[in-house]
Structures are given as C-alpha cells and as structure tokens.
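There are two complexes below, and they share chain A, which is joined by chain B in the first and by chain C in the second.
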Partner chain A sequence: MQVFKLCIKVINKNKYLLLVYVVIFLVISFTLSLTAVREMETSTSFKPAKTEIALINEENTPLINGFRAELAKVATFVDIPDETEALQDALYFRQVSCIIRIPQGFTEKFMNGENVQLGKISIPNSIRNVYIDLCIDKYFNTARLYVQNMNGITQQELVQYLKKDLYDTTSVEMIAKGEKTSVTNLNYFFNLFAYPMLSIIILGMSTLMLIFNDKDLKMRNSCSPISSTNISMQFVLGNLTFTFVSWLIMVLSCLLLNFKSIFDFNTVFLVISSFVFAFCCSGISFLIGNLVKSKDAITAVNNVVTLGMCFISGVFVPQEAIGSSVLKIASFMPTYWYVKANNTIAKLTRFTLDTVKPVLYDFLIIIAFGLAFFSVSLAIRKKYRSYT
Partner chain B sequence: MFIHIFTYRLKCLLRDYEGIFWTMLFPLILATLFNMGFSNLNSAEMFNPINIAVVNNESYRQNQSFKQTLEKVSTGDDRLFNLSVVSREEADEMLKDNHIDGYIIAEQPIKLVVSRSGIKQNIIKSFIDNYMHTFSAISNILEKDPGKLQSLINDIESKVKYSKEVSVTNAEPDNVLIYFYTLIAMACFYGGFLGMGEVSDVQANIKPVAARINTAPVHKLKTFFYSSAASIIIHLTEMLILLAYLVFALKIDFGTKTSYVLLTTFIGSIAGFSFGAFISAIVKKYEGFKVAVIVSVTMLCCFLAGMMYQDMKYIVATKVPILSYLNPVNLLTDAFYALYYYDTLTRFFTNIVILTGFIIVFCSGTYLIIRRQKYASL
Partner chain C sequence: MVVKVKDLVKRYRDILALDHLSFSINEGEVFGLLGPNGSGKTTAINCILSLLKYDRGEIWIFGQPMRPDAYDIKRNIGIVMQNIAVYNELTAYQNIDYFCGLYVKDKNQRKKLVNEAIEFVGLGEFTKFYPRKLSGGLLRRLNIACGIAHKPKLIILDEPTVAVDPQSRNKILEGILELNKQGATIIYTSHYMDEVEQICSRILIIDKGREIATGTKDELKAMISLGEKITVESYSITEKQISAIKKLPGITSVDYKNNALIIKSGKGTNNLETVLDFIRKENIHFGRIYSEMPTLNDVFLEITGKELRD
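Showing the complex of A and B:
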C-alpha cells in the first residue's frame, strides 16, 4: 500500500489550503442561514402575508390614521429618510416593496368627493405591488361609498363605519401539507454544500496527481515491481478516502450548525444524498487530475468547472428561478440531479418506497455519473501510460 | 526605445495565456454564468394571474353578484385570477397537485381553502374580503337611507384606483444588474495582476528577468512606464470586450449615459492596474504571495460590494457608510449603479472623484517605493 500511504501524506501536507474552503463555506452558510427569509410556516393556521413598505405621511387626520391601521394588517412600515436617493436605494435593494406618499390636502379633497390619488413608487408589476394596491383600493373604495351616499358624514363617523366593515374577514381553511422550516433551511445548506465539496476534492486530488504525474517520478514508479492496475486502484482508494474524510468534516459541521433537525428522516436522506454526490465529485476530480498538467491550470479549471456546474444547476440560485433551457443543459451535470434530489427530499412528509422512489432514481443517476468519470479517467491513464 | 519595449512587452503579455484567462476569459465566463443563473430571478417577484377555482354549487350559481364580480376580475389582460369552475372534489385534487393556489366555496359566508399561507393566498383572501366589506358598507348605508340603492349600484360599478405610480426615474429597479456591475468592477481589479507583473518585472530580487532588465542601460522608470503602457492597453481592450459582451450579447442595461459608462470602465481599469502595482510594491514577498494578497483583497471588496450577496452593499451603505467609500470595488459598482438608476450625476461624480483619489494614492505610493531601488549584487 505504498501508493495509498503516499497519497495520505501529500494530502496531509496540503490540509490547511483545503481547510480554508471548509471555513469559508461554514462562515457563508452560517451568515446565510441567519439572514435567510423564513417564508415557510410551521403552524397549520393561515397567516396574513406582510410586506415591507415605506409610508410618507404628510397628513394626520382620522381617515389617514384609519388607513394606516388597515395597512398595518398587510404591511410592515420601514423608516426611510424622505430623500430621493435613499428611497430609490431602498426600493432597488428590496428593503421595501413600495413607497406610498399621502399628499397634503388628501383627506379634505377626499371628503369633498373629489378625485384624489396617493403617490406610489413601486416595482412595476410585482406581486407585492398588486397586494398593496388591493388593500389601498379596498379601504378608499369602501370609504367612497359612504362619502357619496351619506351626506354630511364626518370623518369620525366614517372611520367608525369602516372599522366595523373591515373587521370581518373571510374564513380560511388550511389543508395541511406540512412543509417544515428547519428542513427548508437544511435543504439550502446541503444544496450550497455542492460548491465547497467539489472545490476541495478537485483541488486536493489534482495537487496529488500533479506530484505523481511528474515525469521522473512516473518513470521511476513504472519500473517498480507493482502492477500499474494495482497502482491505479490504490490511487482510487486514496482518492475515495480523502473524499470520505472531507465529506465527514463538512457534514458534521453542517449538522452541528443545524443540530435541531438531526433526527429527522429528511436529514438522514440529505446526508445520504451528499454522500452519493461526494462519490461523484471524487470521480470528477480524478478525471481533472488526469487531464490537467500544471498547478496554475488547476485553479483555472477548478473555478470554471465548479462555478459553472453550480451556477446553472441551482446550487446558488433556486432551480425554479432558472430558465428551462438552462436547466436542460444542466441536466447533463451531476450537480443538477443532486440539487433535484435534495429538493425532493425536503418536500417529503411520508417515507414509503413510493415517495422515495424518485429520490433513489436521482441517486442512481449521480452514481452513474461518478462511475462514468472514474472509468474515463482510468482509460485515459492507461492510454497515457502506453505513450511513456 | 519606446516602440521596442512596448511591442516586446505586448508580445510577452499576449502569450501569457494564464494571465489572459484570469483577466479576460474568467470574467466573460462568469458573466455568462450570471446570465444563465439569474435570468429568471426577477420574474419570481412579478405578478402573474393567480390560478384559482370556485366550487360550482347551488349557492354559487344563485349568488349572481359574487359570480359577476369574480368573473369580472378573471377576464382581460390585467386580470387577477385564472378561474376554473369545478366540483369540490376536483378542486381538492387540483389544490393537492398545486394546479391552483386556493379555491373558493361561495356559501354564506364565503370560504377560502388553501394549502399554505403565502402572498398569492392572501391576495385571494383580500379579494373576497373586499367583496364582503363592500356588502357590509352597502347594508349600513341602506339601513340609514333605503332610497340610495340605485346610486350605490352605480358607485360600486365604478371602482376607483386610489394610487398612482409616480416614478422618479426611467430606470426599472432591476436588482440583478448589481451582480453584473460588481463583475465589471472585479474584472477591473483583476487588472491588478498586470500591474503586479509590471512591478515584479523590475524588482531584481523577485524575478531573474527583472535582474536582467536591471542590468540594461535604460532608465528604470522609463522601462517601467513603457511596459506599463502595454499592460494598460491590453487591460483596457479586455475591459471593452467584456463591456461589449455584456451590452450586446447579454443585453445588460447600463442606462443611457454611454460615454460616462466608458469613462467609468476606463478609470476602473487604471484603478485596478495601479492597485496591483501598489500591492506588488509594498508586499516584498515572492509572486504567489502577491497574487494571494490581490485575490483576497479583491474578493473581500467584491463581497462587500454585493457580488455574492447583493443586500450586502445596502447593509454596508446604511450601517457603515464610510466603508462603502473606502472600498474601491464598491465605488466602481456604485458608479455604474448611479449612472443606470439616478437622474442626477452627483453620486456618480462623488464615486469617480474618490476613485481618482485612490489611483493617485496607489500610483504615488508605487513610485515612492520602487524609485531608486539599487541592488548590491545581482
């Protein structure tokens, strides 16, 4: 097992470089999980969706105060200084979904039955915009009915009526589907995991292969009394050991950060999924290690391969947000199937053979990718050897 | 002499494939990936008619006013819903298969059935609420004055829109753009590799080539300037190619002020080059170490400018505003952003002036460090 031992030694020497990736990954995932939007709800009751808005109020009248209270049911008010650039920035970075300005004299004109409008700056055609519009129109259209049909109605009376009218809301029945917040977070975590995993394994393996592919070293090795198949197999073993250890470190730290959901069935499946993917990464790294000739080229190839695969298969951006034609291209890459499997796992609520089947198919595809990479690399090794 | 040094330097640089890869190909590849990955990001927040169903029972068929209202908001281009009228069982099935976001049972009172509480479900609820509230208001008014029935019917018919879009700018708040702007900024600062190379190549203790150049009977500063000119020309061309690729192939919107966009790219390129030269001059270590410093500083700056997580830019700008002025990558990103998004040029020029300040600091710093360097032995 000389070759295997040497593999471990070389990797041990480079461990700090590889640990940098683990640390960066953990820091980023931790920051993201802290700031992640938790849209999924755990309870079974219906909750009003709230959206952030900025309300610039130039009036203080009972009508407007009533409006503000009504708006508070669907919106959270964000304080932003009333300066054009600050408002524009807040809208651009989606800190608010719209900015509503109630102009001076609005109430008076409204009570006189004149045609008045609130000023609004929003993201055109956005769904949150439609939602806020519905709320605004609901309040003022109902108010208009009173103003136009009850002569001499005072603001106080109007607000009293509106308060009573708007108090009742539709009863909503929820059919439980039971998506769990913790799993959604973990799903994101494991999707992101594909990037550092690929990077670490490719970097680690290629560093190793470069040393072994050194011409003099190679010639010396080939005159040793160990058969070349044996050397290759020990190499594969070294590769897999390295993969396993990196996988273990990352999964353990990943689970430590999300210790609440360790005992979920979903988590178990996510861990299995990442293991299957790690095997595939190992195959990719073996192939790259066999093809690339210089240390500088490794960094370049590593960046292009990992970023490329991760970007288009939904590691960074959710798969739903990626165009269908791009996803078609992505389906030729193992990362796509890995993310797909993870997303399916996160949605599972019952674990029977029937529900798990699609996940198992995805696993099989990933394993097939891994095997294909290994066999291509072994074939290449064989070919190169016959040249030397 | 200029032509000699310049042309040979140009040849050297063009044959350095690794350098070309990082300064030109890598940004191009990244731009393509950004485009593939983010192309649909904005459409997630766009409104599309919501798929709903209503249970086709006796009370729905009899409740003419509700039926009409529902049908009215489900027709036309700016409709709220895509409505299907089905049986209760079918509706249940559709909801389970995610074909609809909720279904309505038009009994007394009207009920909504959903499977999760999201914004779409809340819009459906808001619509039904609206209907109910109008009804409640009508009965209140009729209670006081039953003679108002006709005028009420007219008033309900004429729904008024109570908000008006008052756009402050022509540019849409398309927030995918920031990623591309930071990408150009990053590419500009990758020009730092070229700057680094120029300085290393006159430092005889770093490279054997530099040692040879130092023995040549040419003024060191002249050699440095002439070959730097070649580097800058190459980097500028690369940046123009990137810009052209973004504008013409990927159709990234840079607003209408084209000449200012070009000016920003030019200044960014110089800033990146001088940044690399400066780092190379103050870091007195081997080349790999210099590269590591340039990459990590650039990446940190890119992160703070929002390249990996765009809200970061806003967080920095509102929480630690001084940091957004001290980060050259952010200044560059912000200059593109200001050109695209603001009508006024104040913020753009603020960015450009500070960036020019950075260039002056980098250049004079580099000059003061590398001038009059002498080697006791080569």
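Showing the complex of A and C:
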C-alpha cells in the first residue's frame, strides 16, 4: 500500500491549503444562504408599493371622498393642473403612472344605478396600475352591489358599509400542496455546496494526479515489482478516500451550521444527494487530472469548469430564473441534476417510493455522469500508457 | 549471465536510437556503457527495463526473458534514473522509504535498509529535508539512495554523477565499487570516460545507437594503433629538429602547433627517454614536458574520427 500511503501523505502535506478553501467556501455559502432566506421571507410577505397617480375630481360627494380614501391606501396623489399639456407631460415623464378623472354628475348617475365610467389614462403596460385597477374595481363593484340590492341607500350609509367591507384585508397564506418551507435554507446551502465541493475535489485530485502522472516518477514506479494495475487501484483508492474525507468535512460543518434540521428526512436525502454528487466530482477531477498536465492549467480549468457549470445549472441563482435554452445546455452537466434533485427533495413532505422516485432518477443520472467521467479518463490513460 | 541483449533495434519515428545493439553482462561485473550525448544510452537502459517498446531484439535478465510484467526480475533490479525521480512532497527519508517499500514489505527490515542507504550516500544530516531544499549534488545522492536501498542484485545507474562536484563524485564512484564488492552487478552509463575508466571492468562504447567497441579498458586501448603521447612545450624548435625527431625509432608522428610539440609513438613503445635525450643534446629550451597513455577518448577518436566529448 505504498502508493495509497503516498497519496495520503501528499494530501496531508496540502491539508492546510485545502482546509482554507473549505472554510472560505463554507463561510461564503453560509452567508449567501442566510441572505437568500431573508430575501425569500421578504418576498413572501410583501406590501404593495404605492403608485403615484393624479386624481382629477370634478365632484365632491361622500361616495367620491370614500373612494379617494380607499385609493390612498395604494396610491399617493400628485397635484397636477387640469390642463391637457401638463397632464400629458406628467405621464410622459412618469411623474404619475395614471390619471383618473371623475366626471361631473358621476355620483348621481351611479346612485341611480346607471352605467357610468371613470376617465382613466395610464402609462401602457405599467404593472403598478394593476393595484389601482383592482382598487377601483373593488370599490365601485362593491358599491354597485349595495346600490342594486338596497333601494334608497344614501351615500353616507353606502360609504360606511364600504369602509367596513374593504377594511378586512384577507390574509392569504400560501401553502402549496406537499410543499414546505423550513428546509429551503438547507436546500440552498446544499445547492451552493456544489461549488466548493467541485473546486476542492478537483484541486486535491489534480494535486495527486500531477504527481502520479509525472513521467519520471511513473517510469521509476514501473521499474518496481508492483503491477501498474495495482498502483492505479491504490491511487484510485487514495483519490476516493480524499473525496470522501473532504465530503465528510464539508457535510459535517454544513450540518453543524444548520443543526436544527439534522433529523429531517429531507436533510438525510440532501446528504445522500451531496454524496452522490461528490462521487461525480471525483470522476470530473480524475478526467481533468488526466487531460491537463500543469498546475497552473489545472487552476484555470478548475475555475472555468466549476464556475461555468455552477452558474448555468442554478447553483447560485434558482433554476426557475434561468432561461430554458440555458437549462437545456445545463442538463448535460451533473450539477444541473444535483440542483434539481435537491430542489425536489426540499419540497417533499412525504417520503414514499412514489414521491422519492424522481429524486432517485436524478441520483442515477448523476452516478451515470460520474461513471462516464471515470471511464473516459481510464480510456485516455490506457491510450497514453504505452509510450512509443 | 546477468543481462543479455541481442540485436536490439529502437526507432523514435525517424530517429534510429538503437541500431542492432548486442551485448551481455556477467555476474559481478561493473559494466560501462560509454557514449556521447544522444548516443542511445538511456534508450538502451529503458529497453532493458521494459519501460520502452522496442522494434526488434531480445533481452534476458537473470536468464529469463525480460517483460513489463516480469516482477520477479524487477524485484532484484535497482535503478538510478538519469532524470531525478523523487517526490517533492516527501522528505529525503520518506522518499527512500517509499521506493524501498515497493520492494521490501517488512517494516523493520526496511528501516534497517533505509538507514544503511542513507549512511551509504552520506545524507545523514539531510533525512528530514524536502527535495526542494537539497542542492543538486545532494539530490543526486538521494536519487541514488532511492535506487539501491533494497540491496538489489543488479544495479543500473544512468549518468548518476551529472552536476555533482568532484568530491561527491568520487564518493559515489567508490560507493558503486563497494556495492559491486558486496556482490551486485553494475551497469553504469556515462559520457565521462575518466569515470568509466576508473570503475568499469568492461566497457561498451556506443555512438548513434551502434556498438563502436567493447572490452576491458586495456583491450580497448590495445585496439588502436596509438601508444604513448609526449608533449613538449617550447618556443624554439626548428624545422630541422622536428624532422630529426621524426626519424627517431618508434615515433609515428610529430606535430608542432601553438608552441607545443606533440610526439606520438606506436603501440607498445616507450620513447620518453629517447625524446629527453634528444632535447638535452640539442639544447632546446622547454617549459613542461609530459607523457600520456592513450585514453578512451583516443579510442573513440580513432574509431569515429570525432571527440567523445564536445
């Protein structure tokens, strides 16, 4: 086991460098995952932003005053002189996003149940106006209901009713079926994990590969009574040990930082997922180590490969935010399937064969990737083994 | 017979590196492979070790055909490569232990062997040093220690003394003779003829992958027509005196160039006294006068028409 021991010694010699990587990555990932969670929280309990509008009021009735008060909840009013040019300018320069005009005689006609309309000019395609439209619809549709069903209702009464009705804002809770949000943090963490994992394994493995592939040392070893297969196997064993140990360190520190959810089934699956992915990383690094011959080149290739793969596969940004054509390319990379598996795992609440099946498929794909990388590298090794 | 090489041909694309090379080495010999740079010494060694595929020929070691998977043969070979092959991540001690461990499994035995090897190459103070911290000469010594620690029966050293200072070189050469005395057969390649002359019991001179000559040092020198060479440094020698010297018995050629008179005699004759007598009689003033016996360089020069060393 000389070669295996050698691998361990070499890794041991480089352990501080590798540990520095681990620590830096963990700190960054942890910070990133925390901020990501905070963002998620703020984006689920949102408050509508107020929109600037102009209200040109040609009447002063209780109904309209009530409307104005209601509108004030979603809009701020900007005073603009009632002149065509001034109004057009205000819209053009986005001073307001819409102008609402309440024409003379509106209230009277409305109270009589006649069909009347507000004047409304808005910036085309402005999302912000949705709130305004909603507010208008809600107010007048509710009011119309009262007018139609309660004969002789006065404006004052109507406004009272409306105030009460519209005050109760329904609190909406979004609980999608089978989904749960408590693991999102860990999910994100494990997704991010792909990057340090790949980097460290490629870095460590290629350090080993450089030594292992050194021509003079290779020849020197070939002179010994140990078969080349034996040497290769010991080397692969050394590699896998390294992969396993770095995976273990990273997963443990990751779990320690998220200790609340350690005993979740989801966590267990995420851990398995990262293990499967670590195996695949091992394959990738083996391939890179076999193709690239200098230390500098390895650093460069490492950066390009890991960053590239992680970016387009949704390690840093959610997969939903990535274009479908990019995702199609990404599906040729194991990182994509890793992230996909993690996201699926995070959403699981029940663990039955049926719910877990898609995850298992993703695992299989990742393993297949790993095996493919290993076989390609071994084929390359074979091709270059016998020098001329 | 420890090594037998028959009709070895090795081509690198259009370079013919070994051209029908044949030789054999007996047990207990210190066999020298001598040739200028690029003559094919390393190639020959690599073929012998089955590190290279060759185009033609047969190689036997310890009476068995040598193949890449002939592990029983490999177990008894020690190799010191021309290019230093040590791990920069291991200390000097760990390096020797690693390579020794490829041959010797037993830990205690290995410890003893490694310490002996360290003693042997004189690396005692440097066992904890990493290769990067060792000077060129010390690195060479480490390289040697890695190759011989397991006490092999056949030791192959490919130019082990390149870039080593004369003192360390002598120590290495003495060490090699010591290993030989302990029973190892040695193959030693070099382009330093003096080294080869100094330690080798039998020598094969090659050039462009071809055998030029083979034999003991004396046999090789006997092959050439040249004998003693006398050099007289002097400013004042006349044409007349030169032709007079030429007429002395046994002298084959006289050359006067750059104030040095070079007198060459035929094989087996000894003319120093005659020449001295002549100089005294003619009252020639001279600076230094010395006599040399032919070297392997002269052998190489006479056979190939060029100097062994550039």
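By definition in this document, the second predicted complex is superposed on the first by the 242 of 388 C-alpha atoms of A that agree within 3 Å, B and C clash if a C-alpha of one lies under 4 Å from a C-alpha of the other, contacts with A are read in each partner's own complex, and residues count from 1 in each chain.
Simple rule for what comes next: a contact is a pair of C-beta atoms (placed from the backbone, for glycine too) under 8 Å apart; a residue touches a chain by one contact, two chains touch by 3 or more.
Every value quoted in this text rests on a predicted model; they were computed, and no experiment measured them.
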Is A:216 touching anything from chain B or chain C once the two structures are fitted on A? First, second, both or neither. second
Between chain B and chain C, whom does A:120 touch in the aligned arrangement: first, second, both, or neither? first
Broader residue contact with chain A after superposition on the shared chain, chain B or chain C: B
Answer with first, second, both or neither: which of chain B and chain C does A:226 touch in the superposed model? second
According to the stated criteria, A:65 is in contact with first (chain B), second (chain C), both, or neither; which is it? neither
Kindly classify A:311 by the partners it touches after superposition: chain B alone (first), chain C alone (second), both, or neither? first
Regarding the shared-chain residue A:57, is it in contact with chain B (first), chain C (second), both, or neither? neither
Considering only the touch criterion stated at the top, classify A:13 as touching first (chain B), second (chain C), both, or neither. second
Have a look at where A:253 lands relative to chain B and chain C in the superposition and call it first, second, both or neither. neither
Chain C residues within the chain A interface of the complex: 12-13, 46, 49, 51-53, 68-69, 71-72, 74-75, 77, 79, 81, 83-87, 89-90, 94, 98-99, 101-103, 146
Chain A residues touching chain C - in the complex, by the definition given at the top: 2, 6, 9-10, 13-14, 211, 214, 216-217, 219-227, 386-388
Could you list, by residue number, the parts of chain A that touch chain B in their complex? 28, 31-32, 35, 39-41, 45-49, 51, 74, 84-85, 87-95, 100-101, 115-131, 133-142, 144-146, 148-150, 161, 164-166, 168-177, 179, 296-297, 300, 303-304, 307-308, 311-312, 316-317, 320-323, 326
Chain B contacts chain A in the complex at 18, 21-22, 26, 29-30, 33-34, 36-41, 43-47, 80, 92, 95-96, 109-123, 125-130, 132-134, 136-138, 140-141, 144-145, 148, 151-152, 155-156, 159-169, 172-173, 175, 308-311, 313-314, 317, 337, 341-342, 347
